[in-house]
Amino acid sequence: MAAADSRLKGEAVSRGVGASVPRKEDARLLEGRGRFIGDMRFPGQLEAAFYRAPIAHGRIRAIHIPPHLAGRAFTHADMVGVKDILAKTGLPGFRVSAQPSLAADKVRFAGEPIVMVLAATRAEAEDLVEAITVEFEELPANHDMLGAVAPGAALIHEDWPENVFLVSQAEKNFEASRAVLDAAPVKVTRTVRTSRQCMAPLEGKGCIALHERHVEQLTLWTSTQMPHIVRSGLAECLGLEERQVRVVAPDVGGGFGWKGLLQPEEVCCAWAALRLDRPIKWLEDRREHLIAAANCREHHYEMTAWADAEGRILGLDALAHVDAGAYSVYPFSACLEGAQVVSNLPGPYDIPAYRCRALSVCSNKPPIVPYRGVARTGVCTAIEFMVEAVAREAGLDPVEVRLRNLVGPERMPFRSITGKDFDMGDYPESLRRAREMIGDAAVRARQAGGEADGRRIGIGYAVYCEQGAHGTSVYHGWGIPMVPGFEQCGARLTPDGTLEIRVGNQSHGQSMETTLAQIACEILGIDPAKVNVVHGDTALTPYSTGTWGSRSAVMAGGAVASACEQMAERVKAIGAHLLQAPREAVRLEAARVVGPQGSVSLREIAHTFYRAPQNLPADANPDGLDLVAGYRPAVDTGTFSYASHAAVVAVAPGTGEVEILDYVIVEDGGVLLNPMVVDGQIYGGTAQGIGTALYEEMVYDANGQPLASTLADYLLPGAGEMPPVRIAHMETPSPNTRFGQKGIGEGGAIAPPAAIGNAINDALAGLGAELTTCPMTPRRVREALVRAGAAAEAAR
Amino acid sequence: MKAAAFDYHRPATLAAALPLLAGGARPVSGAQSLGPMLNLRLARPAALVEVGRLPELRRVEERPEGVLYGAGITHAEFEDRAVPDPTGGILPAIAHGIAYRAVRNRGTLGGSLAHADPAADWPVTLTALGAIVHLTAPTRHREMPLRDFLRGAFDTALGEGEILAGVFVPRLSPQARWGYRKSCRKVGEFAEAMAAVLLDPPRGVARLVIGATEARHIVLEGLQTLDSVEAALAGAGLTEDPARARLFRTVVREALAAATGEGAHA
Amino acid sequence: MNRVTIEVNGRVLAAEVAPRQHLGDFLREELLLTATHLGCEHGVCGACTVLIDGAPARSCIAFPAMLDGAKITTLEGLSDDPVTAELRAAFTAEHGLQCGFCTPGMLIMARDIVLRRPGADEEAIRHELAGNLCRCTGYVGIVRAVRAVAAARAGLPAEVTRGLPVPAPAYVSPLALPEAGALAPAGRAAPAAAPPSAPPPSVDEKSLETLKNPVRLEQRFTVPAGVGAVWDFFQRPEAVVACLPGARLVAPSDGTRFEAEMTVKLGPMQAAFRGAGTIAADAASYTGTLRGQGVDSRSASRVQAELVYRLEPAGVATAVHVDIAYALQGPLAQMSRGAIARDLAGRLTVAFAQNLAAALAGAGAPAAPAPLDGGGLLLAMVKDWLGRLFRRRG
């Protein structure tokens, strides 16, 4: 590995790949100098507020806008020529939904924007919104995905025969194994459900659209994870050429997926900026985010698993429903989640017979957007609850059952039953280490002794693998508006020998300004402090699909390495000339080109090229020290990081309160570019997973009304809810990436509901109670205990 | 969201404030409850009158039989023991558990009681402690037990133009025992059930208060049997849903256990 | 506009402020001090935490109009503060921030914690940080950083920051603040106040929507009057509507349609539903139906309701059966589990039945029943929700 070698070299020891370099981003953010979208203002700007649908499903009969709002309030009818947002897929049978930026004839979820109102301040815009009234013909709301596909459900898109975007399915060796399954000694059936969530980055979404007449360009400043994709989508909707659109993301206050889409409000602001020739600003407030953007995680599974007496799983059959909401979002579509359910449900386990059918259901809720972990959080919960159920049914230790079913290291690389190419790793070893770290034997002993305070403790495990940075070969089959392929990086040595790196993705907490500079350091030996990473601006950076899918460390990291390697060659060529040495006799070391006699710094080399070209030969390469280079992994089916999580919980049977006493993660992220940053990603993901497990849920009433409009209703984990989390790393390099690194950004959020749920169920097993719905709130714990009590009573 | 427009007055004295209140303006002190309601446009008062910093509401008077607090004393002042405490540490401990420090720095005792949230800490605690509220209007001053002042969820005995000026907390005997238990989903978040128990034999007090009932607090005086507690829970409709009943029974049991020195959950 | 004198980061300034503008917006929009971030604007997330007279407070629910004479310190104002400098270094060393959005509020709170509780252990720190949400870090680096700085201060006397003066920094921000000068927001003409425009109330049987998933309530009572007299009463819409607390007809009814409004009050909150409905009656079976729907235009909330009555002779008296069904939608509904709504909404029906019974008994309907205060359906829903939002306040 290049990484391993380079650790022996000069500066790279402390600041290259593998070093926990302190973040370059920190200083500005710690001094309050960050610039987020809400911090920006332009002369003459107007702020937007939206009249949003108060009902979940209905026809718009009339919109009454009083005369004093003329020129300040706009409806779909005003946005002549603006195209609906279309996110098609190439999957057979996919039904296309057209999402108007302002609702046209119908509203399909509570919170859908209907009228945009502009005023000098947000407060005034909200005053004006109150003067608008809209008449509706209300239609029955599909508030629940199972009801939405029941016969007679009101059609959300009336030209469809049913409220289903797509049915995804897989069948491998299932029918052929019927006889084996029928004879299996262990058979378990479970229904598992995850609730609808809000991603809730601390900063809401927001944008400012500017009509820059001097260059005949629309500039959209927006808090996005994918500026280039937003540009393409915006240009399509507005009928502009892409050269006429520039999208810039300033500092972005967290995304997690919510900022990975083209949003109707962005289209509205852009249209209004062109129409009115004034800067138009919209900041999503928390109420808007909770009401109109609860858009992820909602799955329902009915599953049956068969196993032999030793707990080896013989087959798995599943029917899944994914509540995909009212529209297909740009660019990911309504089906990414459902398709991933089918392909990821077996997880890291070797399951010989498999059948799964997943319905991407259309409902009267906000459109689903891939949230950190995407389908895998639900999938991991589902399969791990099943594995645990198999172990309990077979009377076996759940860790042993997992070890018997995990794909072992001797079989790597391994193609799974759904065609996933696991690259490398030792999944069973991560579980064994987790069992060791959590002190399984001691916890079991303590459990047997009982707790003085009457609580019950339990231990739970979950194992997953996380496909990250998957590219063309995975995405082209889906045919969504965006297929990732090549990643580029622009690199420029400035005349004083510092480095600018330009990447087309966006860093909003992932620390790429630091880790990508470390890669430059690794190759060029340049101090990361002397490297600027420019990102998030379509005018300044090469095209990229953006930051999503745990792809940046692999893809942007690979591109930066390619660019720096090319830069190294050019620098060495000039350096060799200056040192009067043959090209092959020089090497790059600690930001200097070193020859047989003497050395020359990057600064001197850059100075020579830009400001003293007379010192170069006439045939010197005129391409200079400014270049773009690209990257694509030889195998682009993705890296597979993996981890085992183990949790110990204490459950109070009277109140249903759950306390996480210990939490352990054994993770294999391949070569870690910056271990401190990797741990930060894992901790943060785990906190979100704990939110999924225990706290976060957007409840809807039977009319599709969202019932949490503040952060006192929608509970995010706080410092008091987070347990001490212990992480251990295995570092099996990926054979397919530049430094052996793997995508790890999402993993932390995948396993906690499964590990914690299994621990709760372990704690309650003696009472006959089992929970299979997330979040596992105190009320659900008490309900499970009440049900178990009633069942025990009935059995008497 | 941003608040709808309103007017704001800051009178220098209580005497100047009362006519404004009688004219229909709403009183405000720390704004820790009203602020969010304003921003969400749920509260749309035409005018607000600052009362929390009136000198009359910032007084603290220590008496042999207890302490009279001005309504404008903040939760943080209780937490920091910046004011006398006749309860042997109960008030500072309860104050420490209210919301978050940034809220406790602004929020006031009077504001909390006048808001009359059945699941808040002060109404349950001070009802259990037998507090007396002092109410002032332009033409009268009256006192009543907090228990009677709190008429239901967000509903008090405050008359038009009347404000809660002070709260008297009786001094406990050294033998007093206290048990308090609330079940919250998160640190600092609302309680889903809560119970407070005061046993003060020298003063002849044995009191159980159950809060977070979504209605008026349940107050049981004297030594109660578990049957009577169960009857009270049933009477308040808290036993219809078995999962909810389980929670309330547990919280009451644990508060009683804490007061009598048994059990682990204090 | 109210005139206040307020000290921000050591500079005294006089400002004209609109009472509704919160401190966070004042700092960000008028003074361009954008370190203070807004994450929820309802006092929960803590991103907007600043120091008011030295003590941490939520700037989104503090209002400059109410802060005359106060001293405000934002993160910009702590640029020279030695404790904040230690915290910054610790946050970097422990990776206590990722996107950085919660960071300014987190630092201000952390400073208070280490001053007030030097040597605080991890559990105390987690409790003290509970009011500041971070979505990126899982709090691991934050807690470690605060723990490190608190540990370094172990043994030092606790400094309660309540009322503690904070020295002004040498350098405040790129924006030169006027010292004790007037700072008036750029002349913003308030939008011409226009009355909310009610939609033309055109309503007929067809335009009324079917109630979907309503809450249903029923009442049975007997009145000491003959069925004929009671029937006649039910044919007077103004009399029936007047029995509903807070409701009245806004125009005379022609007997088949009506226009009405209903005011619902809860403490400082008020909603006014205005709408129209239809009346149908079948004298042969002594049954009838009033259906209506209304909108609180300021919040865009909608209510639909249906009242079905049936009369039965019971000797000289009459048994009255009233079934009420309602559904509330829009922002005012988006705040409730509705679990206790049914319970409390029952009180509305009871009050309505009592008013009806009283009127039918000859006492006459109350001329102007008070708006639903303490017993109404909206009240019930709002109360539940408010509970969840505000019961944390003590």
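Going in written order, the chains are labelled A, B and C, and every chain counts its residues from 1.
Quick note on the criterion: a contact is a pair of C-beta atoms (placed from the backbone, for glycine too) under 8 Å apart; a residue touches a chain by one contact, two chains touch by 3 or more.
Predicted, not measured: the structure shown is a model, and the values here were computed from it.
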Interface with more contacting C-beta pairs, comparing A-C to A-B: A-C
Remotest chain, chain B as reference, centres from CA atoms: A
Chain centre separation (chain B, chain C; CA means) in Å: 20
Computed distance of Cα centres, chain C from chain A, in Å: 32
Length of the line joining the C-alpha centres of chain A and chain B, rounded to whole Å: 44
Multi-chain contact sites of chain A, meaning residues that touch two or more partners: 121, 123, 127, 285, 287, 709-710, 712, 718-720
Residues of chain C touching at least two other chains: 20-21, 41-42, 44, 126-127, 130-132, 190, 298-299, 388-390, 392
Multi-chain contact sites of chain B, meaning residues that touch two or more partners: 1-5, 36, 40-41, 186-190
Residues of chain A defined as touching chain B within the complex: 121-123, 126-127, 285, 287, 452-454, 652, 654-657, 695, 709-710, 712, 715, 717-721, 777-779, 782-783, 785-786
In the complex with chain A, residue positions of chain C that touch it: 20-21, 28-29, 33-42, 44-45, 47, 74-76, 79, 88, 91-93, 95, 97-104, 107, 122, 125-127, 129-143, 188, 190-192, 194, 196-199, 209, 212-213, 295, 297-302, 327, 329-331, 333-338, 385, 388-390, 392
In the complex, chain C residues that touch chain B: 2, 18-22, 25, 41-44, 46, 49, 52, 55-58, 60-63, 65-66, 68, 109, 112-113, 126-128, 130-132, 160, 162, 190, 266-270, 298-299, 340, 343, 374, 382-384, 386-394
Footprint of chain C on chain B - complex, ascending: 1-8, 10, 26, 28, 31-45, 48, 50, 74-77, 80, 82, 95, 98-107, 109, 111-112, 115, 117-122, 151-155, 186-191, 212, 214-215, 237
In the complex, chain A residues that touch chain C: 22-23, 25-36, 38-39, 51-52, 54-56, 62, 64, 66, 68, 110, 119-121, 123-124, 127-138, 140-141, 200-204, 251-254, 256, 285-287, 291, 508-511, 676-677, 679-680, 683-688, 699, 701-703, 705-713, 716, 718-720, 722, 724-725, 748
